[in-house]
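The two complexes that follow have subunit A in common; it is paired with subunit B in the first and with subunit C in the second.
Up next is the complex of A and B:
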């Protein structure tokens, strides 16, 4: 390894898989970076411009979906590992956070950080155990993990077992009342969305990110090139788990309760995969575009007088059209169609 | 070219579906439209500004639009709710929605005439919450802010209601809950949420009382239940109640929601030799459990299960259904009458049981279940509160709800008004049904508890059933 001149990817990975010194933020030089930031800023401030709480709720769902999809994209889009049970991190984070708030009186913010930490720790342990599996085996294993954690929580009395945990409404007074709490949590999700998009760029333009992309393209070849694939995959999994863990705490705090059946909904995991595929996996803008399109479409259909009784059928048909005609997702299709957009749509 | 053809065909399909969606009325729409049609033309014109005012978001959060319209001869109150038209709660939610729509139909025939001569009519706005928690807060915010809902009705299930309650409290909008039995929802400092269902903690306590009345010597109870929020809530409270009455809980086992093989639990029941078995969870698991108990010829003298027995489909189990007891929020055989109200010293309000059942059957062609009765009762209780308040002012209606103590076709309704459990249902009691055979040998559902509501004597013990 030392005598020959190693490739840049190999150099980074040689120092330990996920090497922070190799984690260079080069994405800011690209228009795509500023386009993503601009879109989030514009979208994030729509409720302020309109003064509408309905818009805030719609944007809350969209930003949460963008964050979750962008997180999933790190392991699915960059690394090529389809995680069907990614919602496990959202649920586990939510449980840890709500337990700390209800049982120990922690503030939402520290509890949210602990939720993220718990999700990251679970990903680290799982990564060591199941990331050596490939393809369908890994996908099946992630479903199994989600079900195993749900069953465990269902029987874990400390977290309320099957009954779950409830937030006392009076807790919201510590955050200025329920109306202020809803704005605070909205801005927290807005900040998290900015963070995960910046992180996505950071990863993609780092040597670590190039290592992940090489794993996606051909894992065996990546290993031959010197990428320590187990370590790189594990760190990618950890990074993709932390934000969902934090989001879980914020979401269930806002909804005032958590129960196993709603915290570990497999259906939600599949929705996240659809969002990433719809926008374009492996691109930074893809999850942003996919999640926004998916959530905006669902919100519109649900509340449209014309479509509200047919919203699922309509959404299904639309997704069918996209899968049939735009398999690389919206961003992938635009990139292949308009070469000049390559640097803009990353 | 083939792809293009497919694309065009799919577009045409979407277009057709959209057209169908436009012409097919949404569940709430008929009531809304019928209300408009049934109102006299001048009144309709006068109501129009009220409807427009009700759509103003600011008005909904600060001063209800309906209050502004009080000066007119007719005012329209907007009721907002989400229904689970898709997802896991679709079936019970549909019954709830049907009940509420029937109430809207009936109330809008004449409206409520207040003391100052104002006629109050109602319109409903509803969306599909997909049985998903993440949709609920967004949709209820839209209902309050954009649709100008003056009052809210809960979604179906406690989990979704928890999320909706936050929005109701945030915007100061009163919400009547139906289909949300969990006690916890009402014990966390809410002030504007009122529960119609008997709380989960009292779902099976009546079954224990029934057992005591049938066999004072019974001492041992086995609990086998679905390991989910609702059933665990119910069984925890039932176990506590049973122990307080001197019973010994000889078995307490939870099973997974997807369980289909109950053999291990049945073996444990056989070993424990209880005097009664209680538990269950939802329809599929409960009916499978009852069937397997019967197939294995397990000696069980008293069997009470949640949710499944009150459903008409439970009769498809045949002999396995015979003698099984189940708690229900309401049954068509329930004996709630003017006389019963007089005897209890409370006000009677609304249609009789027979009138409700007949109207429901006329509209939907089926017998109403307790979800439908709960939906109808949610509107009825709101109607009663507006009448008692003599106004649609939210504060006045809230005060009237706090003071509600009535008997309706659905049973007694009275709310807890203490800060610790404000809105928790205090007076409504479960009825307990048992599947029995009529003279022709057909399986029929009978109310066997409480005594005052009995439509037939309970069969006990099950081993003696011919």
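Up next is the complex of A and C:
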């Protein structure tokens, strides 16, 4: 509190960005980190141990759901902004990637990076345009963005308009044929899942992450504490968009085609929110637990003819029940129920 | 109070209008480095609004705010913080779902010194000790009682190690023992050379801590002087007549 010490006069440089250096508040020393990594490793290697293709397909979907939900968690759980149309980043990434692959012969990997870049860029632009909106207004705006992008692409000839884009099967030859390609893309999603979970951790226990959590708790108070809220929110949004963008390219490449109604399904956006809320928003383990549980439930329901057409109704009902009875989700509930586990279930 | 008699904060004709309502009207004063300036006035006089103008929560309608020689009129709150100004809120605003320690670390690492997390944690622990909150460091802020939340509000502001501290009714809602403790805290902050602008209704407490007092009524600065002069100023007494309870507090201080 020495007022004699000189401090820089004028606006200080903006260090609200990526200062992931110090982890004294928590971080790597907590078992939660290793628990999350362990769970993903075990789940991720199941298809290898069983050698089963159907396990691989199941785990592909689960890992993809985990990484999408974990990405969403950065803006939804850490920052407190409900991105209702988050799937727009997945769809846009997929389109940009497939366009580069089909029209320009790019490799999957560079195309995937470009998909992530495109999604990140869209988030950056949106950050300036809609992140000043609060609460329901922001959520509504993100739905609007999803619909606008879908409508635009529906009429955009370069991206195949309403028909979409299709991958020539011969392209898979470069990846060792369709069978090997399926394993390759599986490993890619596995790696991305590990990456987003480590990133989630890094953010949560960084100075930047503390700023995001402060925004979630009370944005005006955060501003008064010195958090540069506009740039912090924008970076959170960008970080939450990049992995979905990359995943979109991998998913639709594997799928061999992309079309507007598949790429921008609002339905999928809602499911992602359900996953994050079910597991526990704002925790690193939450999206992992939520996405796995939800995907397991869904594949169970899909086999039942009664529920097959009621998926969305089911997701909605589940969301309602969570909000009413366990607003902090499974992980949040366990944390408050067993206080000793507070730091284990981060 | 201070060796350095430079002016830390200057307000020049600061006016804030909300639609047709003028909440702060043409307020001008200087706050010298190292002084404690009391700000009093009846409820609705515009005190909190004046704080909100100084730290950038509200843009001013007219006028100028100069802090440490820098004209910061129109700056955002986080830019104002970067010059070394911190404040507390009259209605406490803890980051509920974060721990007490995390709240204070946020204050420190986003304060003007831009501390890293580990340095911020050291400072935060020191400040928590100072405010008798150390043993509650791992509790969620939501679980604190009002008096503790007031101290947390103070701890968060102090952890920023500001040159100027704005305190908005930190004694309101506290019992006499808690008031006495908080007054000690303010006195010790003052000893460390931090300049303070303090809004307070508890007059005897304000008399103990402030070097000078200014009085706001209907947004206008109606009096300025030593604490002893202020409580006997007929203009001030008149301003308070509409509110017998507050007048009582004012008189009991004199």
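In the analysis below, the second predicted complex is superposed on the first by the 297 of 346 C-alpha atoms of A that agree within 3 Å, B and C clash if a C-alpha of one lies under 4 Å from a C-alpha of the other, contacts with A are read in each partner's own complex, and residues count from 1 in each chain.
Here is the rule we use: a residue touches a chain if its C-beta (ideal position, glycine included) is under 8 Å from a C-beta of that chain, and two chains touch if they have at least 3 such contacts.
Computed from a predicted structure; not experimentally measured.
With both structures placed on the common chain, the touch criterion links A:207 to subunit C but leaves subunit B unconnected. When both complexes are overlaid on chain A, the residue A:218 reaches subunit C alone and has no touch with subunit B. Number of subunit A residues touched is higher for B, counting subunit B against subunit C. Residue contacts after overlaying the shared chain place A:227 against subunit C, while subunit B stays out of touching range. Contacts of A:50 after superposition on the shared chain: neither subunit B nor subunit C is touched.
In the superposition on chain A, A:110 contacts neither subunit B nor subunit C.
Within subunit A, no residue touches subunit B in one complex and subunit C in the other. Interface residues of subunit C, counted against subunit A in their complex, comprise 33-34, 55, 57, 68-70, 76-79, 81-84, 87, 89, 93, 95-98, 101-102, 105-107, 109-114, 116-118, 120-121, 156, 158, 160-161, 163, 189, 192-195.
Contact residues of subunit A toward subunit C in the complex are 1-4, 7-12, 15, 19, 21-25, 205-207, 210-211, 213-214, 216-218, 220-229, 282. Taken together, the subunit B residues at the contact with subunit A in this complex read 3, 6-7, 10, 13-14, 17-18, 20-22, 24, 26, 57, 85-86, 127-128, 130, 132-139, 141-142, 145-146, 159, 162-163, 165-166, 169-170, 184-185, 188-190, 227-229, 231-233, 236, 254, 256-257. On the subunit A side of its complex with subunit B, the touching residues are 52-54, 56-58, 60-61, 64, 151, 154-155, 161-164, 166-170, 178-179, 182, 251, 254-257, 259-262, 265, 268, 299, 302-303, 305-314, 317-318, 320-321, 324-325.
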